[in-house]
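To start, the structure itself, in structure tokens.
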Amino acid sequence: MIKRLFVLLAVAGMAVILIPFVSGNGAGDALNNVAATYVEDAPRDLGTMNIVTAVIVTYRGLDTLGEVLVLFIATAGVGFLLKKRREGDPVQPPSEILSTGGMILMPLIVLFGIYVFSHGHLTPGGGFQGGVIIATAFLLAMLSARRLPIYSGLLTWIESVSGFAYLAVGVLGLVLAGGFLDSRLLPAGRYGSLLSSGTIPLIYTFIGLKVGTELVSILDKLRSNQ
Amino acid sequence: MVSPVYLLVVTIAAVFLVPLADRIGRSYGMSVFYAAIAAAAGLGLFWFLSLRGGAPAQNVFIAGFTGPYAIQLQLGIAESFVIVLVNTVFLLASIVLGGALIKEKAYALTLMLLMLTGINGLVLSRDLFNMFVFMELLSISTYALVAMPRNGQAFSAGFKYMIAGGLASTFFLIGTAFVYRTAGTLHLDYLLRSPELLHGGVGFAALFLVIAALLIELKPFPANGWALDVYQAGHPGVVSIITTAGTGAVLFVLYKLLPLMSVRMLQVLGGAGIVTFVFSNLVAIKQENPGRLLGYSSISQTGLVIAGMVFLRLFGIREIAVYAAVAGGLFLNHLFVKGLMFWLSERVGPRPIREWGVLAGKPLLLFLFGLAVVALSGLPPFPGFWAKWEFLKLLAANGYYPVLGFILAGSLIEVFYLFRWLGYAAVKEDHDTISPAPAVTLPMVAAAILLLAASVFFSGSLSVREPLLRLIPAAGILFYLLEPLPGRVKTVLALAASGSAAVIVLPGLSGLHLVFGIMLLGGSLVQMIAGLGSGGRRRGIYPGMVMMVYSFAGLLVTETALGFFFAWEMMTLASYLLILRGSRSARTPLLYMIFSTGGAFLILAGLITALPAGSLSSAGLGDLVFSGGTAFYLIIAGFLVKAGVVGVHLWLPGFYSEADHDVSPILSSALSKAAVAGLFIFMSLANGTVPGSDMFSVILGWIGGLTAFFGTLMAIYQEDAKRLLAFSSMGQMGYIILAASLMSTIGWTAAIYIAVTHLLFKGIMFLSVGGVVSRLNTTNMYEMGGMIKRMPLSFMTFLIGLIALSGVPPLTGFGGKWLLYSALVGKGWYMLTALALFSSAVAFLYCYRIIHSVFLGQLKTGFRAVKEASVWYLIPQFIFVMLIMIFSMVPRLLIEPISAAVGKLAGPDLLWQGNTVSHALGYWNGTTVMMVTMGVFMVPLVWLLSRVRSIQKVKQFNIVYAAERPDRPETTHYAHNFFAHYTKALGFLSLPLVRRFWEGAGEWISSIAAALRHLYSGNGQTYALQVMLYITVLYLFMR
Amino acid sequence: MIHAVTATGIILILTGLWCMLTRKHIIRIIIGFSIIDTGIHIMIVSTGYIRNRTAPILDHAVGLQGAADKVVDPVPSALVLTAIVIGLAVTALMLSYAVKLYRRKRTLDINNYAELKW
Amino acid sequence: MFPILLCYSLCLMMIIAAFGAVYVKNLTSAVIAAGAISLAASLLYLLLAAPDVAMTEAAIGSGLTSVVFLYTLHLIKKIDEGDDD
Amino acid sequence: MIVKALYIVLSVALVTVWGLTLTGIVRKIVARVHGRIGPPVWQPFVDIIKNNAKRTGISHGVMFYLGPVFRIAGGMGTFLFIPVLFGSDMFSNFSFAGDVFLVMYFIFFGQLGMALGSGEGGHPYSAIAVARGLAQMSAFEVPFALSVISLAVQYDTFSVSSIVAAQQGSIFSWTMFTNPLATIAAIIAMLGMNMHSPFDVVIAPQEIPIGPPTEYQGSFLGMLHTNRGIFNGAKLILFMNLYFGGATTIPEMIVKTFCIYMISVFVGVSFPRFRTDQSIRFFLGIPTLIGVAAVILYWL
């Protein structure tokens, strides 16, 4: 019971620390200098409609690279911890409806995922969201067909190559344009069109592929772990 | 210059390449892995060198935008310093891990690379959120790698780590977001433009959370149980990276954030660092598991580095060089040492520290371990020493004395458990051995070399400019490398090395320095000859011996306070090595180290307190300011501990007696004078400037008197010949201190006269007994007896030494007594005079005891065939005997130079009339006394020779023995418990009260440690709770 | 409104902490973490919100002119995105640990994993 | 008015779901409850003009995270059944 | 120079004869007190001649051989550093070579040599006796030292001659009257020094025949006997000089030393023997306190 008391104390202490954030929030009614600059400059400099994308891919591109790497750690970490199951274990066959439904839905979902990450500079969403959607498609497929073979070799390839490509685009930015991960490597293009915003769609595509494959392989490892 | 981005690119590219290369083959994956890390380390080195060469700092903005809009990577000298260190250690650790990694899948390699990416990113980045991302890279990959040993312990430790780490990143994230909300930017440089935004309200809470998170990542006491489990359970290779590179990166982030913090925050943070340092060390006392022990030690070191940089900031210091000297030095020291020690623990395998005796048979590993222990304890010449000096100096200069005290206390505890461990390792116990593993040994050697290189670098930048001082460690290492040579060759080399030091140093000295120079260097040199008497390799003696002699020289030559302390610590270290080698028990070296370090810390505290204000580089000894008094008293107290005065003499009997038989004489006769030399150097420096020095002299006098008495008293009860002589040395040190405390011309003359004669006769006696013991292989006096028959020369020299010691005229000993009593009565200290007289009367007891038990009485059956001691033992004895004879014949030869060196102090001078020395009260003509004695001796001798022509030699047992004829020497040699009646009368005075006191203190500390340990319940949830409560408390303090 | 959202975030964080510190089951502790994560994300998003403004997507409805006065802060969104992904990674790794621990001792009571201590 | 009401009700929902996740007996339900928090949060993000976050939270926070949890629970059940080792 | 040497020989001879005679007288007195007839007064001389006349002697080794030499050298040396007669250049011996501390320490010279010599004899009784003697010596040294310090304070000098000089004038300027506490402490110490009963455990004739010299006979013993005379005389003269105003003529010296010696004799016949530990505690008790009081008295 004494421990409960301490927990209460700790949580209360945390509350004391966090309470100022309630009143301290929402006071502002204008963007700060940095945000305002992003909003004003991004369309002109980068050609993106979605400012969040501009921030993620270009202005704070290094964060995003790190983020991709974190996800990669998750894959590697889960793979490092969990061994793969022996092949040929008996599994229950899934229900007929699920299996057929899954097979039909899967390509559509994948397509949607591709749409999301390729339009990241125009609409909400981007590489991560798109990647997750693709992973969801595979998840569905996994549920519907338990024996769906996930070629870990292929996954590794896609993962590594897309990651490497992302890095390569970044380095090219450093060599040919203003700096590492500079999306102005390619011309900004026509504002609002799919092939615009420099390398942003390209990067998002790589991220999408990479995130998708990473998540699929995490799920695969959790699924087939024994 | 290469853009700093490439540092990240290299490892990230490798992250993506490794899985592909691994598909082709294991070795390809490994090659890419090592190539990437090597490239990173190489880049770091390249940058560091070019930046030191004057290249401008590099600032790179991601995506080519400037200002606060894009993430900035900065590569200045500080960054490059950290990067080169961290990447190098990472590389070495990966080599250590090689064997484990090759068994894992490629995932492990990628995780390692991602960890390194996180580390490098943390160092380079100037953006708060970006740091968060890199910190997550670092921590998440660490979480996974902790599981590497793949046992239950590792898994549960890893999970606990994740809970605590998860909390930390939660706080960091909230904090970062609200820093942005408040300040409108995440860019450090722009945050720094208006740090006051973060000093109140939301801004404060946000900054607090960020700092709290960083602190949690740095494992502050007591919110660090999870980290310890990780240190214990993780693979030593991985753990070494966590505690060196990982911690280093987080520390550097903290360094970058320092300018944002308010004074209050800095104070609390510094306090947290100190608390961590002291208490982690304390808890470590009770640790048996090497991993966990190293964990506690790592945490404490981290705490010290935090405290270092925080206090520097608090003192308003902005120069990077100072941070590099303090925090950088401490960190660098920790980095290489902890790496080395963790790798060594990998090498030794899962053994509790008590079983580290397996190292005893491995000279290289033992050397590396010793190096690490020494470096970690903050002893010279390693970077930790210089850094601590600078740090403590700044603390003192700013009046932070309590903090200084805590750091010294913590360091003392640290010294205790580290040297205890070293003691375990140095004593070979079982025949168990460890298999060779070059992949682990090579990185250790590399770390040691880098550490030594860094030591040179640091000592160069920190104004120890006397080349002789640098020679001290160099000589030690040189003689370590010469170890394979035969012992006699090494003796000759050591004699040559020490002799040349003496030849170079002595002509430059004058006054007291010269007197002590002759004593320390000359005394050691002569006695080193005895080393020729022992065959074999004699590993471990000469590095310590030469280092000790060079430290003597250094002590006398140096003109700076730092140089003095450096030489002092080197001397301590060198003598520790000597006793470590000789002693059979682990207790004696440890006790010696503890008390010596304690004494050294007192000296250190005194020195830095006495440093004149505003001295950036190390001040000269002459510039020290003693007007406050405290500094002076601290220094003197330190020397008293080293001299082994009563109360702190616990270390003394073992230390003077347990070394090798040719080393003990040097320790007991010469080394003991180093404390006296220190005492005199500082007393003459401070003479007249210390307030309240009358009281001080009285106290010092009584300390000396009581030391003389108790040392003597305890000597009479000893059964071990060398221990008896050791206690006798304690008594003689008491006389010296008593005489020194008089602060008068005659007093000081007496003190130095006694010191010189003590050097001579104690050298003789120790060497003589050493020669006997080396033949008999026992030090128990009651097992000896009748040695005069087998070793007449040793007996003769011993007798001369004994007469000199007892103070009986006509030999030199009387001069010392006469001078002492003259000075004491002259000063009016009558009770002390009586005490000294009583002590010197009691001294006869042990004098007779030892000469009778060893040389006279019945010769034991087993020793009928022993030979006279080696001639190499006798040569130094005869040299000393000759000196004693000369000084006895013409005392003026000795007294006059000494009083000239002492100069004019209070009290009357000594007057000379021919060979008669006199003062207001009395007079003494040593030459006449000698003549008369010779005369009265010769007359009856001649008479006897003429009378007794038909002298009849009788057999050993032919004695008048109550109508019996004894046939066993054991029953007829009265030697054991010789002064039983004395015990009955005055035994209460020799109760081991002092030992009980110190043991009680030790028990007390160790039960505190045991109680504190229970904080670490092992429950991950409790650890999380501790983290939360810690943050709450921190918040309350910082607000 | 925004105060309520922030407060909700804080309440979620505290609830998550409570969960993490009092529940014994490891999975429940991980759930606690994920609640904390959600709470943090809500807090961060709330910092970027400005009343009556639209999302920072400058389509033709918003227009480029004076956009800075019409949209909310894009930066917190960007931060949260990163944070969400990191949260997923941590959760996945924690769960893998849970599986590993369970396989060792067939229990997920955190009190049973205190073999290392002192 | 409507958005504000919606906002408050979402907040309330989240808090209730959070307590559910802490105290509900069944672990699977707890996971679902945690997913529900995320789902509600993603709706909230739409109200807060952060559609990107909303998408991500929906996809990752409520979707993928829950799946990962459920997979784990499933795995643990399988270990219990002695399916393993 | 030659004259001086002659005088020194003369004074040594004088003190030997007087010392031995004193021993004889005391033996006679003690015997009478005990109700015995006792040996003749000249018995000590007879013993010496007899012992020296023995043709052979045995030796246990060099140190054994040198022991008596040390002993007698110690006795003679002690005597030679004490001025015998005040105001007489010739009978001041070598007292210019050192002060009272020299004398105090030179006393040990002979004892040490004796102890060493008897030690080589290999007889356990010798060692036991030495151990006892040393222990007792260390204890009675304390009151004696305090007493001497008190004198040094009182007279502001360590020089025996100067101390004697300061006591000249009337009988009341003797230390005995000017500093009675110091005198008492010194006298008690002297009882121990003389090793008469009750402090004769060192030579405890019953258990450890005659103490350290157990193994000695022949010429060696003869020398030891001779020394007993010299050493006794020397000590008495020292006490006389320090506490009883010294002596200006030889008869005065003889009378004073006789009286001083009688003190220890009277005490000796009336007290039983102390054990070693008892005597140590005794000397460190009241006599030491008296000595401390003597010092403090003159200190203030």
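The letters A, B, C, D and E name the chains in turn, as written, and every chain counts its residues from 1.
The rule is simple: a residue touches a chain if its C-beta (ideal position, glycine included) is under 8 Å from a C-beta of that chain, and two chains touch if they have at least 3 such contacts.
All of these numbers come straight from a predicted model, not from anything done at the bench.
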Q. Taking a step as a move to a touching chain, how many steps at least join chain C to chain D?
A. 1
Q) Counting only C-alpha atoms to place each centre, which chain is farthest from chain C? A) E
Q) Is the number of contacting C-beta pairs greater for A-D or for B-C? A) B-C
Q) Which chain's centre, taken as the mean of its Cα atoms, is farthest from the centre of chain D? A) E
Q: Mind checking the centre-to-centre distance between chain A and chain D? Centres are C-alpha means, answer in whole Å.
A: 19
Q) Hey, how far is the Cα centre of chain B from the one of chain C, in Å? A) 50
Q) Taking each chain's centre as the mean of its CA atoms, how far is chain A from chain C in angstrom? A) 16
Q | Centre distance in Å when chain A and chain B are each reduced to the mean of their C-alpha atoms | A | 55
Q. Chain C: which residues touch two or more other chains?
A. 2, 7, 13, 17-18, 21, 37, 43, 46-49, 55-57, 71, 75-77, 79, 81-82, 85-86, 88-90, 92-93, 95, 97-100
Q | Contacts with two or more other chains, residues of chain E listed in rising order | A | none
Q. What residues in chain D touch two or more of the other chains?
A. 50-52, 56, 60, 64, 68, 72, 75, 84
Q.
Taking the top-of-page definition of touch, could you list the pairs of chains it picks out?
A. A-B, A-C, A-D, B-C, B-E, C-D
(Q) Going by the contact rule set out above, which residues of chain D touch chain A in the complex? (A) 50-52, 54-56, 59-60, 63-64, 67-68, 71-72, 75, 78, 83-84
Q.
Show me the residue ranges of chain C that touch chain D in the complex, using the header's touch definition.
A. 1-2, 4-5, 7-8, 11-12, 15-16, 18-19, 23, 25, 27-28, 30-32, 34-35, 37-38, 41-42, 45-46, 48-49, 53-57, 71-72, 76-77, 80-81, 84-85, 87-88, 91-92, 95, 98-99, 102-103, 106, 108
(Q) Residue numbers of chain C touching chain B in their complex, please. (A) 13, 17, 20-21, 24, 26, 29, 33, 36-37, 40, 43-44, 47, 75-76, 79, 82-83, 86, 89-90, 93-94, 97-98, 100-101, 104-105, 110-111, 113-118
**Q.** chain A-facing residues of chain C, complex
**A.** 2-3, 6-7, 10, 13-14, 17-18, 21-22, 43, 46-51, 55-60, 64, 67-69, 71, 73-75, 77-79, 81-82, 85-86, 88-90, 92-93, 95-97, 99-100
**Q.** Touching residues (chain side chain E, partner chain B) in the complex
**A.** 52, 55-63, 65-66, 68-70, 72-73, 76-77, 80-81, 94, 96-102, 105-106, 108-109, 112, 115-116, 119-124, 127-128, 130-132, 134-135, 137-139, 141-142, 145-146, 149-150, 152-153, 156-159, 209, 214-215, 218-220, 223, 275-278, 280-281, 284, 291-292, 295, 299
